[in-house]
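Okay, so chain A shows up in both of these, paired with chain B first and chain C after.
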Partner chain A sequence: MNQNNPRLGWLFTSPYLIYSLVFFLGPLIWSFYLAFTNWDLIAPTYEFVGFDNFLKALKSPGVQSAFWVTYKFMIVFVPLVIVMSMAVAVLVHGLPKFRSVFLIGFFLPYLSSGVVSSLIVKGFLSYNSPLNETLRRLGVDINWLGSPWAALLVVGAIMAWKFTGYYALILTSGLAGIDKEVYEAAAIDGVSNRQRFWKITLPLMYPAIYTTLILAFGVTFGIFTEVYQLTGGGPNYATNTWQMEIFSQAFKNLQAGYASAIALLASLATFISIFIIRKLLEVWGKRNGWV
Partner chain B sequence: MVGSNRNRKIRLSVRYAIAVVLLLVMVYPYLYMVLNSLADWSQVDRKLIPDAFTLKSYQWLFLGGETGVTRPWIGSFLNSIVVSLLSTALMMAFGVMVAYALSKLRFRGRDTVNNFILFHMFFPAIILLIPSFLIVQKLGWYDTYWALIIPKGVSLWAVFMYTNFFKAVPDAFIEAAKLDGARDFQILYKIMLPMSKSITSVIFLFLLMERWTELLWDMIMVRSDHMLTLNVLLSQMFGPYGTYPGPLYAGSVLLSLPIIILFILFGKKFQEGMQFTLK
Partner chain C sequence: MKKRYPVLLALSLAITLLSACSTGQGAKSAAGDDGKGASGKVTIEFWAAPNPTQQAFWQEMAKAYEAENGNVKINVSAIKESPSSEASIQAAIAGGSAPTISENINRGFAAQLANSKALVPLETLPGYDEVLSSRHMKDTIEPWKFADGHQYVLPIYSNAMLFGWRSDILQELGYAEPPKTYSEVLELTGKLKAKYPDKYLWAKADLADPTAWKRWFDFFMLYNAASGGNKFVEGSSFIGDEKAGVATLQFLDDLRQAKGLLAQNVTDPFETGVSVFTDLGPWTFTNWAEKFPEMKYGENFTLSMPPVPDGLDPGASKTFADTKGLVIYASASKEQQEAAMNFIKWVYSSPENDAKWFEQTKLPPARDDLSTNESFKAILDASPELKPYAENVPNAVPPMDNPKFNELQTFIGQEALNKVVRGEIDPQTGWSNLKKAIEGELQ
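On to the complex of A and B.
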């Protein structure tokens, strides 16, 4: 270790310290303060309203929907992205050549802007699009962004499209860590393909799968761009995420105090959910003896 | 044996075929975007693969259409470049500095700083959005480049990644350099940075990509047309310009292309860096 150098230590960390003071600690405290006021972002004066904002929030359809929509997105997005990225990882891992070309190709969607992917999907799902023309000819007429579950599915699918290549990269590095000899030994013992996946691949990949799952669950708490762009939280709050709700209340309805209270509730819901999900995943891994 | 060898070959070919088809499906949205940006306006969003092409969408984008409405496309494209590059440069520079202090310098309070960063990382950013906006206003940065660059000038993730990487660099390297009379700044630039090229390219690409495609922050922080980033401009075109789908796709190409080109240029280094990142 280097010699003691307090001056340089503080000098080098100072950009972060100043930043966190102005853009983390300050806002954090301010946010708690605002949550107990009825400030409207413009008026020079405001009053303290106690817990009114929180009570109002808990009763509002916007906040209630935001709470549930997060878990609905989990149900749609997490299984979809895990299956897709696992499929890509296993497929690419079995290729002797051009592996990195494929991985880079699959990673490209991750670079997309949510605005652009929403734009493309909106065009692709527009009334006269080839897809909908074909579906109507088959007697199926879906108003993709106008019906609650279809809209959830569309947004979930865009997210899954975006993250598949990224997660596949994590999973392939997990696959690459598995010793070939284990498979060879299993082959000699006459282990079937299916057993091989459940008894060897999955347990050995648990750390990579755990990372991927935590990342995927985390994503569902921060969905904004796609929803803002495609549905505006609708139809009838069906895709109204926490971020969407906070944005609308703060910057459309200009209810800064109320929106701050919602942001606190959102953070609380996020903390607790992530904590529970982590615990469940760990218990799941321990139960099966993977950890 | 010959038979099993042939079987193996067939199975591999099938595997490659599936991989290629799957890859085509995954990049199809990009193809759809490019094709529609070049498609004749009567075919935009009407055909899976258009067969009549025109440059009208790009003309409309850069020169304005028959309605005479021009939007500051080139200006917002430049805004995006300036904002993204400067933000990313700050995030990288500060990330390296802070990480070096946390991993290779000894000073009282280092553990406190370390723990504080973990505490900070724990909070979802959404809780800070409204007060951050107010602070930006108070600083007089609203509707200026400052608002788009400085509050987005520190990345905890970059600090975290660099700290982990620097910790893996043996202290002997640094001690040897010290004996040769190198100072800490020199050690940082002559030893640590050259060693971390591949991880630097990963961090750079991720940060740049994230900054380039940011919507919420950029949308809130500026109001004037000439301040908009390309992503925000594109997002705002949705409503009033919804009747011009061709130019929308051309704008999307303009937004997507730079980052994809950069990624492909960095592809090799990126892959090396990812190996470390994923450990």
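On to the complex of A and C.
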């Protein structure tokens, strides 16, 4: 086989390229067009409204809340999921046997239905659940899904539970890539466990941590199912994410044009945020001499 | 030729991939533009509510109709809920694969669809008047007329939403029957909290949730009772009754201050006795039969129309009508639309079919003679808890028919009710804020 034959490359990538053109690029261009109309996708006629949809979106409390709520979720979700997945990765990596069994166990929540896990959590946190009954006896009364920060924490925690196993897989592969001789040399030099983690493990795992962090930050821009099931974006917009706002406008208010404008603004916010985060992570790595 | 192999292979793969994405829907195109298949049969796609009992009813009806009418084929399937039935219908219309006819459509969503010219005005189809007369629904259909004078939905059922009371706990507090006015309810709340500090009058997380449809089961039940059934919005005008609206919000505020409201997620609060009052639809009883068989009408719970402000006649109380119906889609061919209307006419030509519906779904058929027609007597006698629903069908006000109902009802929660329940705003300010927001949206 001629390895330099470009046609073969096109051949093998063509199904995915065509799929992407039809289901990603096409809808993206279509969404861009829709954002300048007042169409609901159903009416036989519609008008071009210029930048009206974008101006309306920028003034909307729903869109403004979606913008800020995403960053609030980042504050809750990213540190939590990184710490949890790192802990799982280190623990599992240290096991003498059955590593893959435990990794699969931790990965299962990622495969679970967001609807089902949300409903279970809803029952668990209901006013008359055993947990809350016990807490009230101890003098602690928390309205988990009804107070802004508690609701944010609950959704962030469910997301962290769901993604921990997935990110632990990436981090475990990072750990596996570290040569044992490095640790052996450090042991001879009398390096403590803490120093071992901060001075050897963390720097050598930087590529895996970088990937995990970018993925985790990206997740916060796409939260929908848990919020839809648990809080509906409330209380008082406290958990209203971009996806929730787009869904509400497109499918509850039947304003596809306006929802498209919000989706484009969400894309813009995502691209800019991820770009800045990526640059900051690169600076962090370079400053410490990890890259 | 050799060079073309990769291209051909890529094309085949792409076609295979794309054909796998086909939903197999789109009855009109599959059956021909006039909706007729190769056999000359008119094919109707019927989307039933995503509820097994309703789906089973329509499948049974379709089979019986097909047996009598060989030239019609009716495909009954459940509306997909991905993530909601409304979203599925909207996506189907936009994608050109809308059904011919569907049920489970409320008046607000119908107004949205009608505004986009997606529905057929039913009175323009032959046979519509015969349905109204044979089904005895002249009075029931009256408030369903849309602001543009057309009739887009044929209501199938109408639940006059009632409030349930834990009669066993009420008896412990010295009440033989539920209170009927606001001050009586507040007095009961005081007695309840004095005897059971951990119990609440009304435990319902939705009171703090701005989701539009949730207002049907709190605000509109109370507001309709306080206003005598005021329409709230007519056409593009806000015509809300300020006195009734403020009284409704004040009632909730008074209950909050008396620690009678618990706006938190609670598992089965009424059934477990955490609360003594709740909004109840007749669909609850099917669920109770399986999950809470100990809930017995007349023994530990009873039903009432919503309480009214002091000074009003409780006997004239109105409530919200949780009612949904059938619509026929404009995208269907004329033959399909007429065939769909003929099917409806056939189903409702006999009260026995409505009786079958009532028995299977427990949802009261939307007809004027529900409490008087002999066909339903056996069902009502066997299930006495359904009687108050049947009797109050004429006292129930259907939802507003404004295409912006979702935004408008969200404002009721966001600007007034949710904040009043949380104690963040006084009732008068809440009413003024919701009025301002709704009038702004309607402009």
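Everything that follows uses one rule, which is that the second predicted complex is superposed on the first by the 264 of 291 C-alpha atoms of A that agree within 3 Å, B and C clash if a C-alpha of one lies under 4 Å from a C-alpha of the other, contacts with A are read in each partner's own complex, and residues count from 1 in each chain.
In this text, a contact is a pair of C-beta atoms (placed from the backbone, for glycine too) under 8 Å apart; a residue touches a chain by one contact, two chains touch by 3 or more.
Note that this is a predicted model, so its numbers are computed, not measured.
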item: Chain B versus chain C as contact partner of A:L80, first or second or both or neither; value: neither
item: Touched partner set for A:L34, first chain B, second chain C, both or neither; value: first
item: First (chain B), second (chain C), both or neither touched by A:A160; value: neither
item: Touching partner for A:M205 - first (chain B), second (chain C), both, neither; value: neither
item: Chain A: partner with more touched residues, chain B or chain C; value: B
item: First, second, both or neither for A:F247, with chain B first and chain C second; value: both
item: First (chain B), second (chain C), both or neither touched by A:I104; value: first
item: Which superposed partner A:L264 touches (first chain B, second chain C, both, neither); value: first
item: Touched partner set for A:I42, first chain B, second chain C, both or neither; value: second
item: Partner chain in contact with A:N128 - chain B first, chain C second, else both or neither; value: both
item: Chain A positions touched by chain B in one structure and by chain C in the second; value: 8, 10-11, 15, 19, 22, 122-123, 126, 128-129, 228, 247, 250-251, 256
item: Contacting residues of chain A [partner chain B, same complex]; value: 1-6, 8-13, 15-17, 19-20, 22-24, 26-28, 30-31, 34, 87-88, 91-92, 94-96, 100, 102-117, 119-124, 126, 128-130, 161, 164-165, 169-170, 173, 221-222, 224-225, 228-229, 242-243, 246-247, 250-251, 256, 259-260, 263-264, 266-267, 270
item: Touch list for chain C against partner chain A, complex; value: 3, 6-7, 9-10, 13-14, 17-18, 83-84, 86-87, 90, 93-94, 112-113, 115-118, 203, 205, 208-212, 262-267, 269, 272, 274, 403-404, 406-407, 414, 418, 422
item: Touching residues (chain side chain B, partner chain A) in the complex; value: 12, 15-16, 18-19, 22-23, 26-27, 29-30, 32-33, 36, 44-48, 94, 97-98, 100-102, 104-110, 113, 116-117, 120, 123-135, 151, 153-154, 159, 171, 174-175, 178, 184, 209, 212-213, 215-216, 220, 231, 234-235, 238, 245, 248-249, 252, 255-256, 259-260, 263-264, 267-268, 270-271, 274-275, 278-279
item: Footprint of chain C on chain A - complex, ascending; value: 7-8, 10-11, 14-15, 18-19, 22, 40-44, 122-123, 125-129, 143-146, 228, 232, 234-236, 247, 250-254, 256
